[in-house]
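Alright, structures below, take your time with them.
One chain, chain A, appears in both complexes that follow, with chain B as partner in the first and chain C in the second.
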Partner chain A sequence: MTRPGDILLSVKEISLRFGGVRALTDVSFDIHEGEIFAIIGPNGAGKSSMLNCINGFYHPQEGTITFKGAERRQMRPHEAAAQGISRTFQNIALFKGMTTLENVMTGRMLKMRATLAEQALYFWRGRREEIEHREKVEEVIDFLEIQSIRKTPVGRLPYGLQKRVELARALAAEPELLLLDEPMAGMNVEEKEDMCRFVLSTNHELGTTIALIEHDMGVVMDLSDRVVVLDYGKKLAEGTPDEVRGNQDVIDAYLGVSHD
Partner chain B sequence: METLYLIFIDPFVQMVVEPAFLVEVLIGGLTSGVMYSLVALGFVLIFKASGIFNFAQGIFVLFAALNFVGLMDLGVHPILAFVITIGIMTALAFVVDRLVLRPLVNQDPIILFMATIGIAFFLEGFGETLWGGDVRPVRVGIPDEALFWEAGFGEILVQSADLFAGVIAAFLVTTLALFFHFTPVGRALRAVADDHQAALSVGIPLNNIWVIVWAVAGFVALAAGIMWGAKLGVQFALSTIALKALPVLILGGFTSIPGAIIGGLIVGAGEKVFENYWGVPLLEGATEDWFAYIVAMIFLFFRPQGLFGEKIIERV
Partner chain C sequence: MLYREAGQFKTSYSADQAMLTIPLDRWFVFALAAFAIVGVPLLASEYLMVSILLPVLILSIAALGLNILTGYCGQLSLGTGAFMAAGAYLAYKIATNITWLPIWVVIPLAGLCAAAIGIAFGLPSLRIKGFYLAVATLAAQFFLLWLFVKVPWFVNDSISGVPPAPPRTVFGFQVTGAAAGDEAKYLFVLAFVIVLAWIARNLARSRIGRSWMAIRDMDIAAELVGIRPLPTKLSAFAISSFYCGVAGALWAMCYINSVEPTAFDINRSFQVLFMVIVGGLGSVLGSFLGAAFIFLLPIFLNSAPGWFGYSVASDTITHIEFMLFGVLIIFFLIVEPHGLARLWQIAKEKLRLWPFPY
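Right, the complex of A and B next:
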């Protein structure tokens, strides 16, 4: 079912090259407010590159990205974060030496009003802010049911829980757009079910718009409102899960018809 | 038999017979150890935050001290000279970030390491161009007199400058450790050290953090430079002494602030004790120059990540 919200993020004719390699060619799609939007495609289709363009890790050579009505081409990752885009990574990028709590606290970094220098010099103001932000962080921790591992260094946690801590860190920033790069990769069935539940409740209860990359088709079809399919850096199809499932190009791409 | 006696029995007999001397040796060792810690701390800060082994840290100590002493010789008040030197070290951090680190971001650690060697040689030459190559005494009014302390087992002689340096270093070290652990900036610094990509994605601007870290390392270098300078005069040999921080780091672990502190103390006390009880009777002295390196090598065999290191060193 499509929920017709306003357009939150609009990607127009994005092309991204690394030297002679074309990672993305002329890709366009819109993500609407409040939906769960899936980006799917075979390996090497350019899905992660797309996410990296959206949050500013990569700068596409052509095309525009419009977020909340403001168009931009070159944006740095911390600027994207400041505008309300949070993300998780395919190969978990957590601060392994820190505890769960500290990791989630880093998600609040941008909400802290004091500048870095101020925090360093005015210990008191930093302290007060710290307490305010702790409350929000504890809410997120409750929401994702990771209370019991608050003080555990994340490097020691099992894989599935690390993914959840990463989600918690992203949520702590109270993002408007949450990018999830294969949130269920490498998980067992039980962990996947948990993660699905958290993704759905993030969307329903917090109203966060979510763009996710996922390989598990069952998960994608269940979770997402709309799907875009990439293959060799090009957009193959876009639509509801049912529409995409019936699309001949998509079937070919997945079953491996030769491209000629 | 005679040699064996000198190695295994005599030193310990001496320690028991003359405890006051042992205490003096230990105090001397710990006070120079705390300065090793201070230098090592500069290395750890930068390594933790950017994964770069900053070979230039030793020169930073010298360069900071040179500027400080140079300004004072021009008639600038010590406190003003201190503030200006902090300004210079911050500017240096900024320049290093813009001209060296940013263009090389995402390169192999070895390339960044080579770049810091370049910085080291540049600064050494530049410092000499600016201030000349003479040994300059530091007169900041640190009291330097012999204090006698009557302990139950004899009289102990301590240099007040040593104690002063020890206290300052201990204060700095504690402050930095607390800063790293309990403030948001400290957390940001640790976050950057842990994972650049993740740090960017939560909105920590890498570049600012690097400037901050290099500036803090510059500040630590200044403190170390003044302490060493007060003891030995500001001279170019300071940068060699600063390299003692290497065995300290191997002992303590490259990523650990407590490791740098304890490593420094162990090296400082260890080399003095070895020199006085084994070096002088058996080897005619001068063991202080190499003792720490031998200990570090033995450590590398058995515990390459150091006492408190997080993982096997991979970036050096």
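Right, the complex of A and C next:
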């Protein structure tokens, strides 16, 4: 299932420190266009820190990140969003006071151009844009099968649906690279299956490159084209799920190894 | 049944995104506006129009302004009175120095000046949040009022420091100052209210409104979808201060007929904040309900005992008023932070199912 495309995102020798804590040390990997790339590792391995570096929440002290051929050391999250990187969070980061529709509409934020006056009068572009983008948003809503909760404030939705709305918001931005931080955490089997289906069809139908963090090994091995394993901020292994599964270092990191 | 929400199908996104999606709602609002424009000046007494409707309408504009900042964008402000004062003093300054400028241009212009001041005092909002920001806006409250009182330039070196509002006309009718007709004043203010309420609703349902709410609900995630925090917060400060500035200008020009600092002190800031909390944070309707409620409650308390033939000492009434306000604020903060607007919504939801419990 591996479809080697061009390199979309290249992470080179990233090191990130918080004071004396080394969250990441010399981590390098490439994410190719069109693949599903998984980052796994035990708790505290630096997986989320890695995603935070990619979309600009953290600024690594060393190393470079190259996205679509443009190299950069530091950027703000909104700049990453403008370049086509969307993400979801481990603990849902939705706008609780807004409806599902409004939340997903915020995903279109960067594509809207109406001036303040046009918005204030809801006229010309102000009105036209709202309707055009609503159509796009409805496509995403259909895609993720959340039509029935369109007008519900997301604070009232159950956990599994909130995760789905968050994915919808990320997809509404039509990202080139989608970062998913534990999309299946805390879900039951059915919800996981649904979410897997959505992740796969996002990848297949929309052609979005996906980088995901996940603890459910069954999910990771089934979904991903390639996997990188982190432990204590260092890269342990990288390769196809089968290669990684057979790697002795990975087995040791997960199962523990006796030091006698 | 005449009024029904079920079965009102929309077949296009533009219909679904209309401000009022149900035709009956739309007609009701049009009818209300028509009545306010035509019916009230014909029917209402002078007392009702000048002493009740006029201040309620003007305070509604201020409440709308604060609601944009606090209710939609989540930035707590105690500087409402100061921004109203900025509008009032600068409207006076502009109106008396550029006398040929029509008053309906002067007042939005004063609003723009207040917006610029609002942006300046909104700058700390990038770094500080919540109570600390409230204290920063409190600085605006004290500093600006001090400035307007201390610098006689703002009142054209008037000796009393409390100059009367300059008489100005619109379509030949005098609308500002003590000699203006009641109907003219009322209609002048009403025009501002209708336009500004309409604009507030439009902003709330557009991109800018969504970015305010996103910043309010979770600023980290807002940055993630591409919202830049500083310009978004500053736009809320600017537009909020614009509304407050217009309200302050109208308050001075049309209601109290003079430009005086005591009308815009810290109590005014709290009064408008109470209106927003009681009316409903993040709701245009709530701003109106809150303004009417907070302004009318003392009047009601004063006259209610008389209707039943009791006479209560006025200081007792004042005490009761304070107690009631305290209880109400706590009640709304704990039980229903979305205020009267949310209660109205709940009532509608219940009535929709009535008499069945669910």
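Please note the rule applied: the second predicted complex is superposed on the first by the 245 of 260 C-alpha atoms of A that agree within 3 Å, B and C clash if a C-alpha of one lies under 4 Å from a C-alpha of the other, contacts with A are read in each partner's own complex, and residues count from 1 in each chain.
FYI, a contact is a pair of C-beta atoms (placed from the backbone, for glycine too) under 8 Å apart; a residue touches a chain by one contact, two chains touch by 3 or more.
Quick caveat, the model's predicted, so the values are computed rather than measured.
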Joint occupancy of chain A by chain B and chain C, clash or fit: clash
Partner chain in contact with A:82 - chain B first, chain C second, else both or neither: both
Which of chain B and chain C A:134 touches, first, second, both or neither: second
Contacts of A:227 with chain B and chain C, given as first, second, both or neither: neither
Touched partner set for A:106, first chain B, second chain C, both or neither: both
Residues of chain A that lie at the interface with chain B and also at the interface with chain C: 55, 57, 76-78, 81-82, 86-87, 89, 93-98, 102, 105-107, 109-110, 112, 114, 116, 119-120, 126, 129-130, 169, 173
Residues of chain C that touch chain A when the two form their complex: 13-14, 16-17, 19, 199, 202-203, 205-208, 210-211, 213-214, 216-218, 220-228, 235, 282
Sites on chain A touched by chain C in the complex: 55, 57, 76-78, 81-82, 86-87, 89, 93-98, 102, 105-107, 109-110, 112, 114, 116, 119-122, 126-127, 129-131, 134-135, 138, 169, 173
Residue ranges of chain B in contact with chain A within the complex: 179, 183-185, 187-188, 190-191, 193-195, 197-206, 208-209, 212, 310
Of all residues in chain A, those that touch chain B in their complex: 55, 57, 76-78, 81-82, 86-87, 89, 93-98, 102, 105-107, 109-110, 112, 114, 116, 119-120, 123, 126, 129-130, 169-170, 173
